[in-house]
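Going by the order they are written in, the chains are A, B, C, D, E and F; count residues from 1 in each one.
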Amino acid sequence: MFEVYRAILMRDLTLALRRRSDVFITLFFFVVVVSLFPLGIGPEMDTLRMIAPGVVWVAALLSSMLALERLFTVDFDDGALEQMLLAPQPMFILVLGKVTAHWLITGIPLVLMSPLMGLQYDLSGNALLVLLVSLLLGTPALSLIGAIGAALTLGLRGGGVLVSLLVLPLSIPVLIFGAGAVEASVSGLGEQGHLYMMGAILVLALLFAPLATLAALRISAE
Amino acid sequence: MLEVVELECMRGDRRLFTGLSFKLEPGELLHLHGRNGSGKTTLMRTVCGLIRPSAGEILWDGEGIWDQGDDFNRDLVYIGHKNGIKDDLNGIENLRICSVLDGVQINESQAWDALEKMGLRGHEDLPARVLSQGQKRRVTLARLLTHDAKLWVLDEPFTALDKAAVEFLQSVIRDHVANGGMVILTTHQEVNLTRGHPKQLQLGWKGEGDV
Amino acid sequence: MSVAEFFDMGGYALYVWGSFGATALLMIAEPIILRSRRRSVLKRVARIIRMKAEDAR
Amino acid sequence: MSSRILNWFKFSSPATFYPLAGRIGVWSMVIAVVLIVVGLYMSFFVAPTDYKQGEGYRIIYVHVPAAWMSMFIYLVMAFWSVLGIIYNTRLSAMMTSALAPTGAMFAFLSLWTGAFWGKPMWGTWWVWDARLTSALILFFLYLGYIALQGAIDDTRRSDRAGALLVLVGVVNIPIIYFSVKWWNTLHQGATIKMSGEASMDPVMLWTMLIMTFGFWAYAIATAMSRVRSIILERERETTWVSELPEVRG
Amino acid sequence: MFEVYRAILMRDLTLALRRRSDVFITLFFFVVVVSLFPLGIGPEMDTLRMIAPGVVWVAALLSSMLALERLFTVDFDDGALEQMLLAPQPMFILVLGKVTAHWLITGIPLVLMSPLMGLQYDLSGNALLVLLVSLLLGTPALSLIGAIGAALTLGLRGGGVLVSLLVLPLSIPVLIFGAGAVEASVSGLGEQGHLYMMGAILVLALLFAPLATLAALRISAE
Amino acid sequence: MLEVVELECMRGDRRLFTGLSFKLEPGELLHLHGRNGSGKTTLMRTVCGLIRPSAGEILWDGEGIWDQGDDFNRDLVYIGHKNGIKDDLNGIENLRICSVLDGVQINESQAWDALEKMGLRGHEDLPARVLSQGQKRRVTLARLLTHDAKLWVLDEPFTALDKAAVEFLQSVIRDHVANGGMVILTTHQEVNLTRGHPKQLQLGWKGEGDV
């Protein structure tokens, strides 16, 4: 079983590396959104520091939503997905493998990049750490939740918007706690509460999202 | 043994077929006939469990395929209109990932062998993207050589293949049937599969899609 | 209370009538839309049935 | 007990439910009109002026019922979705999709009237506060459901996909509710909530309740009417539809 | 020639309408980005008014970049693009038709929606008007410039990032003048200068971008 | 008249063919043969001007196709492995937009006629997405009925078609050739195109891709 998980993971990572550009698209988007704001707003450090948690987290949410469309459509279009559904392997594992790969490709670079982004907004060391941790907890949850939407809209006209429309309400709690944690740390309040909640959301998402995704995939592949 | 009982399939608001029943025993080949759009693909996907039929049952070894989960999948290979290979992976990689999913892990030299048998010598390590139409199909079909499933469901497997490859694939199918395998197959080309005592099934008596 | 006073709503006319008006508009429009939908569905079903009858003949 | 269950299954067949829905629909509409007319009369002529908010507070009589209905309808949709997934009855999916537009309308109305209330009270149309955010998310959930249904033309797929989405969404509702509340403690709330005073004027309370029940009956009526159209559309090939008087006439 | 332009335009509009929700993709994204920021930042009206021009314009740039990906890929994948290249029609017109349709679908709704978005940020009436005009001039330029990148990405598998990097610098002037115009109007300075510059950019883009796009398409289709 | 002079095509670092020359006069049909991957598709796309050859020339009525712009395109229909129809449009709409691009505007009833001839009666107004593989191919091929180009370049046009449709398409090709048209065609199926006095061209003598 672990074998299969590893195989799917490696497959998707290899594919991502082959295309190279895909690895960067989310990261690039994230960096652009975050960095363009100071450009539009102007260089007042106080304003910047104040809006930093919101900006960074909104950017993270959006770039994660962006990348979702690709999660299953490519496999769907070339017929690889139906082969997966027919494989004598627990589909749960396959979904988990694909989502993990997706997170490694799109989420991790973003997490690693975030301190640099935070610096642009003049965040303190502690706030940067909290930002990094909150993204580390939040982005996998976003990927897991997003997978449901991606699976539901597979092959539908206008998949792109639909994904966003379906996934957005589901991911807003992650956004709120993520931004909340950083804000709390910036303003000197305790950020633990928010981080615990994010952990809880992540665990819940890990348990239920792959199941829902699987059900959605079966519906969509018909 | 595969048993299809009183199957009915709807597409949109169109009833493609209804009350369809047949049995397939080991060592038998079922050749589906039918005009374009008569529902051959739909039937095959239903038999594989990709589409839920609107009525009727599909039994594998006496048990409904929707109730037994992976057991049925382990005995099944489906090759459809779409190749299901990744454009950015080369032949070897494509074949190996398929085999992991099929639960019949093969090592690299086995993969090279299978591709060579399928006539892809010299193209094994090109990304599928640059392969010709027929070469892509060959990569897909190489799975049949590495897999040990009992039931093969092949939807127009001969498309895009040149004559030599068609010949070879036919012999592969004949061998499988001779060894007690089962095959459901459709093709619009003339084929020579007599050694498998093919059953014939004609879909779409309604005369849809005449020319 | 005069009519004008009533409509003025103590200076809150825009807000009160904006709310009640929108609510009324939507809650009246919805049944009308539903009725026209029902009509067109009935028409379509009737046409299908007529076509079937003709085919049968 | 068992005969009860049997009955349920009987009514879950579209052919039996269709005429029943017609009757329920008509009666609910009558009740709705009566209650809403009475409610409107009371909200403008009987209910007293609020000592703090003046006449502007009368928005409450549409705002609160609409907000309540928007949440309640979503829960009903979730209920039908569960039924649909467990018993695989055709009717439940039709009910879910019949309810959604009305639910979305009420969600929209609660936002709209809320905004028209917020402007005079808080001086702004919109504030990112717990209640409003969760109402907005609810509205998006409705829109997502409707959009998904619209995008799928295969009815069986749209039924199952819709049910799944509603259930995923319902899991999210408590999360949204609590999370947003928590987040709200961090920034200064401009919220002036009336419900703080438990000692609400009984006339006001009654008016609100009457309006709520009126909206409730209205929702039932529209859902029934919509489900009848959906049934006709989906069952147009069946003989029972072709034998209906309204189809033949 | 006008016949063909019209036909392509109608075709793409029909396709967009068929997918119904696709009409809204950019609009939705735009609305979400613009509306999410206050969620992250908090409800202080002063801050909001200050960042409004930047936020709205960055959102416009991003949603326009988002939608670009679809501009040619679908036609490329299903073989319609090679048929267009082989059609006995001036390819310049075809490209222009596709870009126009793209702008009508993604740009116009955004322009029309912008005053509502501006209201959220408490902008004055004049600022709203300037916002609308700046978007009206800016979005077609963004579509035209973006089309070059979209056409190049079709062929260059690994070079996706490079292309985005290439297109972004070209679009940033639009962003700067667009946000600048609104900011100037908010702070009571004259916005005409900025708007004239945007008009000039638009004219330049109209003249040269389709040619560059066409060349890129020929390379990619090989 | 089409004239190919000393053509050479490279793919990756592989030289597919070199020094290839042939002529095609009105009323002639050229049947390309070759194993999978021998370069038939590449040759056809080169002849159409989609790929620039690494050496050699392609002349249409004595002038290089890269020099004459749209004149050559006006005389050309290319039907490749990909159908080039839009999944979200129905048959009628697909056909009509193709005809505008081809510069031979047809009205709606002509489109209905062409599709009916191609055996799509009753499916004309379904979005291509829900059509079967063969039905999609038929929509694509309906273009041949509405177009008046001289040169048809058909890359495996018979794929996915059922026997009746193959029969019909053959007769369409024969008629075109009989009326002085030119056809370049490849297929791995047995076909009967004798009335067109087909020229035969064999690609890939290097013995690549044997089975």
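We take it that a contact is a pair of C-beta atoms (placed from the backbone, for glycine too) under 8 Å apart; a residue touches a chain by one contact, two chains touch by 3 or more.
These numbers come from a predicted model, not from an experiment.
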Remotest chain, subunit B as reference, centres from CA atoms: C
E-F or C-D, whichever has more C-beta pairs in contact: C-D
Inter-centroid spacing, subunit F versus subunit C (mean Cα positions, whole Å): 54
For subunit A paired with subunit C, centre-to-centre distance based on mean C-alpha positions, whole Å: 42
Inter-centroid spacing, subunit E versus subunit D (mean Cα positions, whole Å): 38
Subunit B and subunit F, separation of their C-alpha mean positions in angstrom: 29
Residues of subunit A touching at least two other chains: 18-19, 77, 157-158, 161-162, 165, 168, 172, 176, 222
Contacts with two or more other chains, residues of subunit B listed in rising order: 12, 52, 81, 88
Numbers and ranges of subunit D residues touching at least 2 other chains: 133, 147, 151, 154, 156, 237
Complex contacts: residues of subunit D adjacent to subunit A: 133, 137-138, 140-141, 143-144, 147-148, 151-152, 154, 156-157, 160-161, 164-165, 167-169, 171-172, 175-176, 179-180, 182-183, 186
Touching residues (chain side subunit B, partner subunit D) in the complex: 12-13, 52, 54
Complex contacts: residues of subunit D adjacent to subunit C: 29, 44, 49, 54-56, 58-59, 62-63, 66, 101-102, 105, 108-109, 112-113, 116-117, 119-120, 218, 221-222, 225-226, 228-229, 232-233, 236-237, 241-242, 246-248
Interfacial residue positions of subunit C with respect to subunit D in the complex: 6, 9-12, 14-16, 18-20, 22-23, 26-27, 30-31, 34-35, 37-38, 41-42, 44-46, 48-49, 52
Complex interface listing, subunit E residues touching subunit F: 3-4, 7, 11, 14-15, 18-19, 78-80, 82-90, 94, 221-222
